[in-house]
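Below is one structure, written out as structure tokens; comments come after it.
Letters A, B, C and D mark the chains in the order given here, with residues in each chain numbered from 1 onward.
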Amino acid sequence: MEMIESIKPLLAVLISVVVVVPLIIISRRPNTREAWTFVAAVGKFILVASMLPVILDGSEITCTVASVLPGLDIAFRVDAFGMLFALVSSSLWIVTSVYSIGYMRGLDEHSQARYFSFFALSLSATIGVAFSANLLTLYLFYEMLSFATYPLVTHHQDIEARRSGRKYLLYIVGSSIALVLPAMIITWQLTGTLTFSPAGILGGQASPAVVTMLLFFFLYGFAKAGLMPFHSWLPAAMVAPTPVSALLHAVAVVKVGVFCILRVLTGVFGIKLLADLNLGTVVAVLASITIITSSLIAMSQDGLKRRLAFSTISQLSYIILGAAILSPKSMTGGMVHIAMHAFGKITLFFCAGAIFVATGKKYISEMAGIGKQMPITMTAFFIGALSVIGLPPCGGIISKWNIAVGTLETHQAGFLVVLLVSSILNAAYFLPIVYKAFFCGPEETLFPDKIKEAPLWCVVPLVVTAVLSILMFIFPQPFLTLAKLSVGTLFINP
Amino acid sequence: MTQHLPAIIIVVPLLSALLVAVFGWIKKTICFVIALPAMGIVFLSSIVLFYKVITENQPIIYFLGGWSPPVGIAYNIDHLSSLVLVLISGVTLAHLIATRQTVIEEFTNKVSAFYTLYILFVTGLMGIVATGDAFNLYVLLEIASITGYAMIGMNSGRAYLACFNYIIIGTIGACLYLLGVGYIYLVTGSLNMLDIASILPGLVDSKVVPAAFIICMVGLMVKMGLFPLHGWLPNAYTYAPSSVSTLMAPLTTKVMIYVMVRVALYVFTPVLSFSVIKPGNGFTWIAVAAIIMGSLMALSQQNIKKMLSYIVIAEVGYMVGGLWLGNRMGITGAILHIVNDAVMTLCIFLAVVSFSSYKKRDKLSDFQGAFKEMPVTAAVFCVAAISIIGVPPTCGFFSKWYLISGGLAAGHYAFVAALLFSSLINMVLFFRIIEIAYFEPFSDHHGKKHHVKIAEASPGLLIPLIIVACMLIILGLYTDELVTHVISHAIPAEIV
Amino acid sequence: MNEIASFIIAKYNYWIYIVLMMIGLYAMIVKNNLVKKIIGMNIFQTAIILFYVSIGTKRGATIPIIYHGHGDGSHAVHATDYINPLPHVLMLTAIVVSVATLGVALAIALKVYRRYNTLEEDEIFTQIRRK
Amino acid sequence: MKKLGLIIVLICGSLMLYGTIDFPDWADPSSPASTHLSPYFIETAMHDTAVPNIVTAVLADYRGYDTMFETTVIFAAGLACFFLLRRFQRRAPDVNLFRHMPTGITLRIKKGGKVPVDSSEFERIDSIWVPYDLIIKTTCRLLIPFILLFALYVIAHGHHSPGGGFQGGVILGAGIILYAISHNLRAAKARIKERFDAYMCSAGVFIYVGTGVLCLLMGANFLDYSALAPLLGTDPIMARSHGILIVEIGVGIAVMAVMICLYYNLSSAGRQDEGL
């Protein structure tokens, strides 16, 4: 495997930090300001995409920024898995920027300059996590993301926002300081390094008890992954403006949590160690509990965004489950699910936002017959729901299929049942919404039979993501290849 | 002239203090004009000294009066002291520039006396750090203390009583240190630190040495405000004039911890401190108590300065605990935290001063709307808060990293737990303020545009504030250099 | 018994300084009146000065001023003839410091008095609490 | 509180008593304190500095740096007192007392009243005034010159007998304070004005520091008086002796001025109008 030294990862991270300066300076002129956001988003995507060919060749790109502690650097390393995640988030940022403009202007929100600045910062942190070469860098950007998203979550600055912001920080920063930080330092003390390696660094360095303890510290410390019982910040964070929920709480923030857990499982513990100590099953059981429980909770939620949030919690655990089964197939499925779920779920959130902008409705019970007023939005919603449930012709099926095959390969059919049950549950809480929106009787409908969509800025992005969800069923290769590449390095010596 | 730099860092401020005292009678504004270049020279000289020590990799020893030790007094500027010298002079310079306006407001017709005391205070601290003589240290300690008492007592209201308690308790502390030095003198006959360090290991059986050690340490603990002996600190810092507490909070306790490190490692030598007398475990437990109690007390405060004072008490626990873990990691963490905590404390106290520059903001509830009115100060405040919480890449994270590593290496899990606990409490503390400043006063959010007039502090205060905030991140990123080139040389080789 | 007595007598200077110091400490902790606290502080400092000066003494020696006549440069000086000068030097400094501290402490006490019209600590506290 | 204090004191005391077990006996000539450094001072001080009083030699030369800061401490204390207490107020006191000296009649003049101008016949007296002070005044007037003269002797003869800058300075200050007590604060302030006193404080310390800086400029280490030999026209050893005298004078001035400053401010609670 070839290592290429390049400054590109650093640039990809920094571009959206740098753009904050003009954003603040010209905060009075909205058009120029949003042009800058666009420049940053597109620039970031181009930078990330330009590294794709190299990665697909099987090489890796490295970049050491600074040496902060003896033997411990702030360094970037772009591998296939990181690339996959960076590609998803940077491409979705472009779409979300468009959507943000429509949403924020449509509702005439306050402090838009602050909103776009912190959005840019959050994306920097996300890409930073994706490209981290070691645990310290990962932790740095993880915390940066926590603080950068706080003003976004609490954008409304009212009492409810404050309460949610409190919960958000307490769970996310609290768990990372209390659990990840000591776990990281213990790892460093045991091994003398924090650099991720495909074979893991803890193997043979620590007693099983310590390894198990560290595993739990990391698993629950990265609370952004929403593993129960550290999940309740996510529904609370839904007070944020919808674009924030869409990109951050369906893609960036929560996926960062899952990404971190996957990175730690593969890069710090290593597949072999987990398999030897049978820890994969433990993680898989924990993930399964989360999957089923949160699906059940989702069914009882009336707030559309809250239902989506619980759905997200359950879907995140799919990814962890995929990794924890410890078979190449399911690992691939887990990684690809990051992408598939991202496109599907962001569509759903965009739809929720579009409904709110157009009609001001937040609750599912108020949405009977809305398909007549907003056919495009609700069609997109249907596609997104299909993707999340895991039905063709949408991308979600590909990842779920892979995970399912993995469970059979390793003779852990119990988890297959979990997958099937949860898929049924997914269908049970998504499809009635769609059904009621389109097929309710005329006496039930709450909306006039007249097409009135949300502003174009809002509708175009959700159409784009819905179309992408379908395309990814047909052309899953980019993500699938990346995931396979990554898994290939991990399972070299199983 | 460079060989005389150790004298210059003391003589220049001393002379400038006298000039301020004389010319300040004639013209008030001249005080700052004299003080600024003097502190500038001190800062530059300290940097040159620091550079020399690092490049030559050996301590600079300066014979005052031309008498070689142990007969005369010598300045012993090694890696540790040159680092702290740069820290003190840098912090002072930033503080001097930042508080120019505040001083004129707070001490209308006593500006000259204030600046004289101010410079003498800093001279005392510089001397404490530079000196290689145990008794000379006491004299300089008293200079710093007496000027400190005077500056604290200058506020109206409860400051008098706070200051009176500080005098009584501070004097006990200094006297105990003096007594400890007397004990050492009794058994060694010497006052020079290097000389004492060469004699003491031969006296391991004597009961006087542990007695001297304990007395010295208790004296220093009183002076630094370690938990059960911290009574004077919160009131003194809270009720002092803000231009004084912003200087004393970053420097006094940190310099006292420096003295503790110096006495433990270079007077009593690591052999005695960590193997023969072995107070380490007990002291670390005291530090654990300090961290927890400091954090909890901070949580119950409504006055911002008092809250910050209790955080200072908790931070003292960090450093003392790190030192007495007795391993290289912990001591590195303690020394690193001296530097980082001084800058962090300066930054957060200056930010509070800046917040109060138009409207008096003492209570937490006074911070309503502060973020809208003063966005730059708010940003700096957040950076400082994040550093105190201990989030990378700010410097607070890296010293905490070393302290936790040291705690784990020593197997002192309670200390590690206390550090993490205090980080979490700090997060609660600061986000409580940030919430008030950011959310309140509440309004209906949708569509309503807030038009709050931006009323930032003067550039004279703001620019040093921003520089200090940047330093928090720069220090964090250069931790590696600092540790490998400076701190690792500052710790005696026999400590592993 | 005899041994203990001789032990006590041989080190009597230390017992005295400790007793004195504890009196000072007691006054500082317990006394209610600020001036009494200051007096306690002074006793405390004096005890330490006494300790230092007492360790400078030497049996059969005189004060450290060398006996000499004019033009008598060859006079040999024996260290055993003169007491140790160093503690005296140090204590000159310590005395000055204690005077300085005393001055500042009195100034602060005066300010306290001017504000609260009393020097009793408990009365001051009740005044503070009343506000 | 009392019991707690007693317990603390007893614990501290017993710990300290325990610590003294290994102490050398009283006046033991072979204790480390008497054998390590002090023989060097005793045997070579005369040779090094030509000062027979070893305490002076050690104080102002070997450990001259300590002494410089000692002077600074005193300076800082005076300044601190001034800083804390001094109240500049232009407002005149409510009631002034004036005495017509030939007759001894006291006039009580309220604020805004007409103040007697002829100062040769009237003098202002303090509101808390001790009726008759002729004996005290006269005795002090006779004593003070001798006190001051003795103080100068103590400073100058510090090389050969117990004495030196601190002792002499305190006696000098005591002379002035005696004058202030026997007359009143305004009389003393008429002789030594506040500003002049402040300058003296600074000047005293400045003499000390300046001597050190002069040594620095002559190329030697700070406070190495032997470098002053070319300026003083003597050999380096005598230069040390003279250097010690110079700094002792500086100390004397500073201590005197600070004593006066402390008295002025403490006795009048910072108003410097009526004392005690």
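One rule holds for everything that comes next: a residue touches a chain if its C-beta (ideal position, glycine included) is under 8 Å from a C-beta of that chain, and two chains touch if they have at least 3 such contacts.
Just so you know, these numbers come straight off a predicted model, no measurement behind them.
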{"item": "If a chain touches chain A and chain D alike, it appears here", "value": "B"}
{"item": "Reference chain B; chain at largest CA-centroid distance", "value": "A"}
{"item": "Central chain of the complex, centres being mean CA coordinates", "value": "B"}
{"item": "Distance from chain D to chain C - Cα centre to Cα centre, in angstrom", "value": "18"}
{"item": "Distance between the centres, which are taken as Cα means, of chain C and chain A, whole angstrom", "value": "71"}
{"item": "Gap in Å, rounded to a whole number, between the CA centres of chain D and chain B", "value": "32"}
{"item": "Inter-centroid spacing, chain B versus chain A (mean Cα positions, whole Å)", "value": "43"}
{"item": "Overlap residues in chain C, where contacts from two or more other chains coincide", "value": "25, 55, 86-87, 90, 93, 97, 100-101, 104, 107-108, 111"}
{"item": "Residues within chain D bordering two or more other chains", "value": "16, 20, 23-24, 31, 33-34, 37-38, 41, 63, 66, 70, 73, 76-77, 80-81, 84"}
{"item": "For chain B, residues that touch 2 or more chains besides their own", "value": "135, 139, 142, 146, 149-150, 153, 185-186, 191"}
{"item": "Contact graph of the chains (line, ring, star, complete, other)", "value": "other"}
{"item": "Complete list of chain pairs which touch one another", "value": "A-B, B-C, B-D, C-D"}
{"item": "Contacting residues of chain C [partner chain D, same complex]", "value": "10-15, 18-19, 21-22, 25-26, 29-30, 54-61, 63-68, 77-82, 84-90, 92-93, 96-97, 99-101, 103-104, 106-108, 110-111, 114"}
{"item": "Residue numbers on chain D that touch chain B, as the complex places them", "value": "15-16, 18-24, 31-38, 40-41, 61-66, 69-70, 72-73, 75-77, 79-84, 86, 88, 195, 198-199, 201-202, 205-206, 209, 212-213, 216, 220-226"}
{"item": "Residues of chain D touching chain C in the complex", "value": "1-2, 4-6, 8-10, 12-13, 16-17, 20, 23-29, 31, 33-34, 37-39, 41-43, 45-46, 52-55, 58-59, 63, 66-67, 70, 73-74, 76-78, 80-81, 84-85, 160-162, 166, 262, 265-266, 269-270"}
{"item": "List of chain C residues in touch with chain B within their complex", "value": "25, 28, 34, 37-38, 41, 44-45, 48, 51-52, 55, 86-87, 90, 93-94, 97, 100-101, 104-105, 107-109, 111-112, 115, 124, 128"}
{"item": "Sites on chain A touched by chain B in the complex", "value": "66-70, 72, 74, 107-111, 136, 139-140, 143-144, 147, 151, 154-159, 161-162, 165-166, 169-170, 173-174, 177-178, 181-182, 185-186, 188-189"}
